[in-house]
Amino acid sequence: MIQVMYFAWVRERIGLPREKVETSAGTVRDLVEELAAREARYAAAFADLSALRVALDQELADFDAPLDGVREVAFFPPMTGG
Amino acid sequence: MIQVMYFAWVRERIGLPREKVETSAGTVRDLVEELAAREARYAAAFADLSALRVALDQELADFDAPLDGVREVAFFPPMTGG
Amino acid sequence: MTVRVQEETFDIGAEAGAFAVRAGGQAGAVVTFTGVVRDRPGGGLREMVIEHYPGMTERALSSIEAEAVSRWALTDSLIIHRFGPLAPGDQIMMVATAAPHRADAFAAAEYLMDYLKSRAPFWKKEIAADGAEWVAARDEDEAALHRW
Amino acid sequence: MTVRVQEETFDIGAEAGAFAVRAGGQAGAVVTFTGVVRDRPGGGLREMVIEHYPGMTERALSSIEAEAVSRWALTDSLIIHRFGPLAPGDQIMMVATAAPHRADAFAAAEYLMDYLKSRAPFWKKEIAADGAEWVAARDEDEAALHRW
């Protein structure tokens, strides 16, 4: 069971800020494919991975990173702080 | 008649902050030579021109600059503000 | 070394003053950067909402700050970043650095800003009369990281 | 655009705050630099006396500021420099710049500092228990001018 979080327009497009996901996905990319297959709003949010960033347990990561032991996955657009 | 001003250690070495000087020196360098010839304290202050800066009417200038029409000449070490 | 992530505003004056006092006789140079909500070129910005990722934000900022401290001779540093709804002219964030020499203080402040812009989980949304829009990341901001 | 040369101290807090407020919704980025009297490495600095050239100082600072304004897109700038006797930890001077983008605000503030250091008629004398000494200009400060 992984906590999946969404921020900014990813959150708005999917329509919720976080959810528990039961998955056996090996990598972030596998998880993205599972989510995108669920419903159109997920497919829309994950349509262009180059427009997305991912963090695993609050550290920036690649879409090819493994999910072993990861408790929290977050998807969001490039940051725009400052 | 030119107003000659001294700052920082130049002022301390010469022993006064400013003086009126009657001169027909053509350039700053000529004026320096006249002053240096006056007394040991002037000679000491002007011993090394590379350690000095000069301003003519409050603008930085070269030692070869002409004195035509100049009313105020200032000698001082390199600036150390900020 | 201080990181604060907060919804409430801050007094840039008081922060900069306290920072300079704290740096005391050790630092010769104190640099501050303050980010302010800018209206749109033609006006009309109603508010800017800043979203962030609680927990990760503090971690990211602390790690950016630690990296700056390891690269430059700093005597102190500060990062404050707000979240929530802001109005044009409001302060969004500030960084401050103190160092014996000005080159270190300037470089560290620019480094903190560059990384904070692109590596700390904040997102800005502009709300105007004609609609709302998430601010897009600028290529220049990503490119700025390559100079370090 | 403001230049002030004064003996009395200034409140970096109040100045930075007023400056940010004045910049208002136009500037997204405000940078300040504050110079503080640093004690000697081993301590013992009693006071620092700053001498200047009244008249020329204001002219030189205004001209440095005008050059910065012509080079970068600034919405505002400020230079304050003190003269007279100062104690360790006292603020010597500050510059502030406001611009739509941070790169301009940072570059202009560094430019102002580099030129102010070597082209404005100020001289520092350190008074310590073991004697008094005029601070020597640093080669790095002169070299810093070449980057602009």
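Things to note:
Residue numbering begins at 1 within each chain, and the chains themselves are lettered A, B, C and D in the order written.
As a convention for this text, a contact is a pair of C-beta atoms (placed from the backbone, for glycine too) under 8 Å apart; a residue touches a chain by one contact, two chains touch by 3 or more.
Being a predicted model, the structure only gives us computed values, none of them experimental.
Once chain D is left out, the chains joined by touching break up into A, C | B.
Note on connectivity: the fewest steps through touching chains from chain B to chain C is 2. Centre to centre, using the average C-alpha position, chain C and chain D are separated by 22 Å. Chain A and chain B have Cα centroids separated by 72 Å. Centres computed as Cα averages put chain B at a distance of 26 Å from chain D.
Rounded to a whole number, the gap between the C-alpha centres of chain A and chain D is 48 angstrom. Counting partner chains per residue, chain B shows two or more touched chains at residues 82. Looking at chain D, one finds that residues 35, 102, 113 touch two or more other chains. The full set of touching chain pairs reads A-C, B-D, C-D. Of all residues in chain C, only 11-18, 20-21, 23-39, 45, 88-89, 91, 100, 102-103, 105-106, 109-110, 113, 140, 144 touch chain D in the complex they form.
By the touch rule above, chain B contacts chain D in their complex via residues 5, 7-9, 11, 55, 58-60, 74, 76-82. Residues 35, 50-53, 55-56, 59-60, 81, 92-93, 113, 116-125, 134-137, 142 of chain D are the ones touching chain B in the complex.
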